[in-house]
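Following: one structure in structure tokens, then a few remarks.
Labels run A, B, C and D following the written order; every chain starts at residue 1.
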């Protein structure tokens, strides 16, 4: 499996599909500890990404991610818009204009994305935000990429599984960043919607390679 | 049984009691085809009558009814306030300052009350208003009073029963006066709240004599 | 029933007290009997304007007391018209000698109580004229002889007659301007939810999640008919059509378009209704020269709205634009 | 969910269009990206004021665009902050060369999106200052590092900073007046019912008939804690106490008292709350010099209210009193 621009476009297409499919679920998660818009925002944003991708098909994975970043930034709004926008922009930058993403580059892109989110949002792991999905994902991908000469799929799977576990692990946390923090102790017992959507994005990367 | 000022005060006291007891019921009737206030208005009005009666005890039945009229006029509001105010005022006038109400005088007072309501409200029998209780009541009282030399109780009972039957008979009517008329056909199938409170008032007259 | 109240019996008194405190620069509140007068009443030489009715329609009427609008407002219990012993002193308090106009919404209770108060005021030497507001096209008055209700148009009558009084028109002239507004305005309303009268404690009617009431008044009473929920444009068309037909609005007419919230509907939705109504009017060649959008005559926390259209002429437009300084409507000052 | 809307996806666009049509004398609506500017923007020599945020809080912010208040409002989707590609052109459109102040409610989304737009505007040569509003005492910011939310105080910041800009204050002066308002105002809110975000379709939280949420924001989020229903005076005390404590209000202070409805609560109830709050302040020797009562910053059709207290000084009072001409707040003009 080669992670080229076709794979990237397929990944982003599957992201859009995942957001549409899980729109209500993400709204429900946000309803419990936020303001009921996360699923709507992500769905609107990735639908716009689809439009952009077909309007001006990108030539490289990096270009596809940059287009995604700009579109999410201008269509998602809320906290997630700038955070995902920054994440995709940093990932795009880290990939440069190479035509393919090597396993180690993928790990590097995830790390850059995570660092971008942290730079913008100032959240730490354990604050019950999307950082809790991206941090283990970036770490798992880095570890898998460092592990001999892995194929791309292995690295993608490692990241997705870590993100999913990270999202689940936000359940008992008390939020210290974002809207859920206003609830104080009442935020415990609910999954962070941004961590959940992050896991969906990284799972879509696996599906695009399957 | 002599219908003197003591009876009159007892009657009005029982009216207040009936309005308090049936407050919710009258609100519910008004809720169905009006604006949910009739029970509250009547309860407030007759509680004020009680206060007035104890503040300045009347000397004659007519004086008691006049005091009631003025109090209802200034405390009930809505359609029922002026209509009941006029009814009690006309009844008071018809009784003059005689110390006792003869059976025929009672029938005359009810007729005067009914005429007052019609003069103010311009409703005809069958319009689904309190007129549909007062008209049969006045007629039944007149007939009973004309019937040989009846005792007071018989006349009171005749009026009360006719008022009750009249109130029940409003159920299928389509309202043509008052707030229920705005509902058109939808007003059918509900009892007129003013007819219901009128029946309570005339039933209290019987109880006061019992 | 969840409400920000202390006791259903003290709702009106406490609310009016709070209103008086918040707007002490504009109004004086008299207690027992309760009425609200313009701070500087009676205004020398000016015709006095008094309106009133049951409470629960706020900001109507107290919110419209002040320069260029009402001289006094008389609030009854919730949805219960006030009594003559309130209306009379309010009338006397605002009479400068030029006479007083009573603006009365056409409900049996309001009509009877104002009628009595008017007679009593006349007996005390005050000239009283009554302007009856009956703009609700939901009521077909041929069949139902209580006649049409006074609803949204009341706000417009109060503003415009108020401006006429403020510019110095005489008693008959003010009353006749008020009547002119009334005969040129029509209204129709819709409820998405019922409201709960505090002393009643339960909703004024039961409406399923997919039903709405068309042709409602402002007292939580059910409307003329119940239909399945529709979208905003569909509902707007249903309300606007009978208004335009009854008022015989034709291409070239100039109008004021008033979208009024019933109390519990967000402002954003009222603008969606306004948008459609303005579109329909534009399509028919009708010029919307003035507009009013907001919660001005309400039914407690009811969700829904009413649409009023007032046919304007130059004088009515000028009077509408004249300065007004009240708690709920203010411009030019 | 019953709402006067056509499609959850078009709610903001259609509402803003209707708003623009109803207030065409005051504002210009730009579509795609959506923002609302003062009709005469940019006003030569004047510092521009831009605010914005998620929709659903109407009349905030569009209702406050006009002379003496905002130059532009940027509405996002419902409860979703707008994006830099809206905020940037709005900023450019109102920049006369004197620079632009962004008034931003302290939510992660608003902060991040305005931050980006501000950087982009600076890159285009516009001087931008940001006033962050964070007046909500329900959030104890030591523990929860997202900090306090911007709620009711936002309206007061916009009015007073708007007056400062209108009188000709420079960029730093306007921003510092805005910050002065923010540091002298505190707010706390209560919800009696939840609200329903159109695209979500179900209420933002479930509340039993005898429960209320204390310490809510303006996004339908649950509050800090849930308590049994109380009467209006009790609820008022619960809201007012932390506000006064946090603001260290003492006898002799002069304040503006702002009772704000969350959208679905009748005005009459807001005055009942006002009455109690005014009473408590009077008892403590605090002078309520100005007041504001009504639905100014809302959470769709939520029932409930917030109480804001702003400590006044002579300058703030003068700026509060200065003429303002917007759709939702107007006086002196």
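Convention: contacts are C-beta pairs under 8 Å (C-beta built on N, C-alpha and C of every residue); 3 or more make two chains touch, one makes a residue touch a chain.
None of these values were measured; they are calculated from a predicted model.
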Inset, instruction - Averaging only over C-alpha atoms, locate the centres of chain B and chain C and give their separation in whole Å. - result: 32
Legend entry - chain B and chain D, separation of their C-alpha mean positions in angstrom: 54
Legend entry - Inter-centroid spacing, chain B versus chain A (mean Cα positions, whole Å): 75
Legend entry - Euclidean distance of C-alpha centroids - chain C vs chain D, Å: 29
Legend entry - Sequence positions of chain C contacting 2 or more other chains: none
Inset, instruction - Note the residues in chain A that touch 2 or more other chains, in rising order. - result: none
Inset, instruction - Quick one: label the inter-chain contact graph as line, ring, star, complete or other. - result: line
Legend entry - Chain pairs that touch, as defined at the top of this document: A-D, B-C, C-D
Legend entry - Footprint of chain B on chain C - complex, ascending: 33, 54, 76-85, 107-109, 112-113, 115-116, 138-140, 143-146, 149, 197, 199-200, 202, 204-205, 217, 219-222, 224-225
Inset, instruction - Flag every residue of chain A that touches chain D in the complex, lowest number first. - result: 27, 31, 33-37, 40-41, 44, 73-83, 120-122, 175-179, 181-184, 186
Legend entry - Residues of chain C that touch chain D when the two form their complex: 1-7, 11-12, 14-19, 21-23, 55-56, 58-59, 63, 192-193, 209-210, 212, 229, 231-233, 235, 263-276, 278, 288, 291, 293, 295, 298, 300-301, 303-305, 330-333
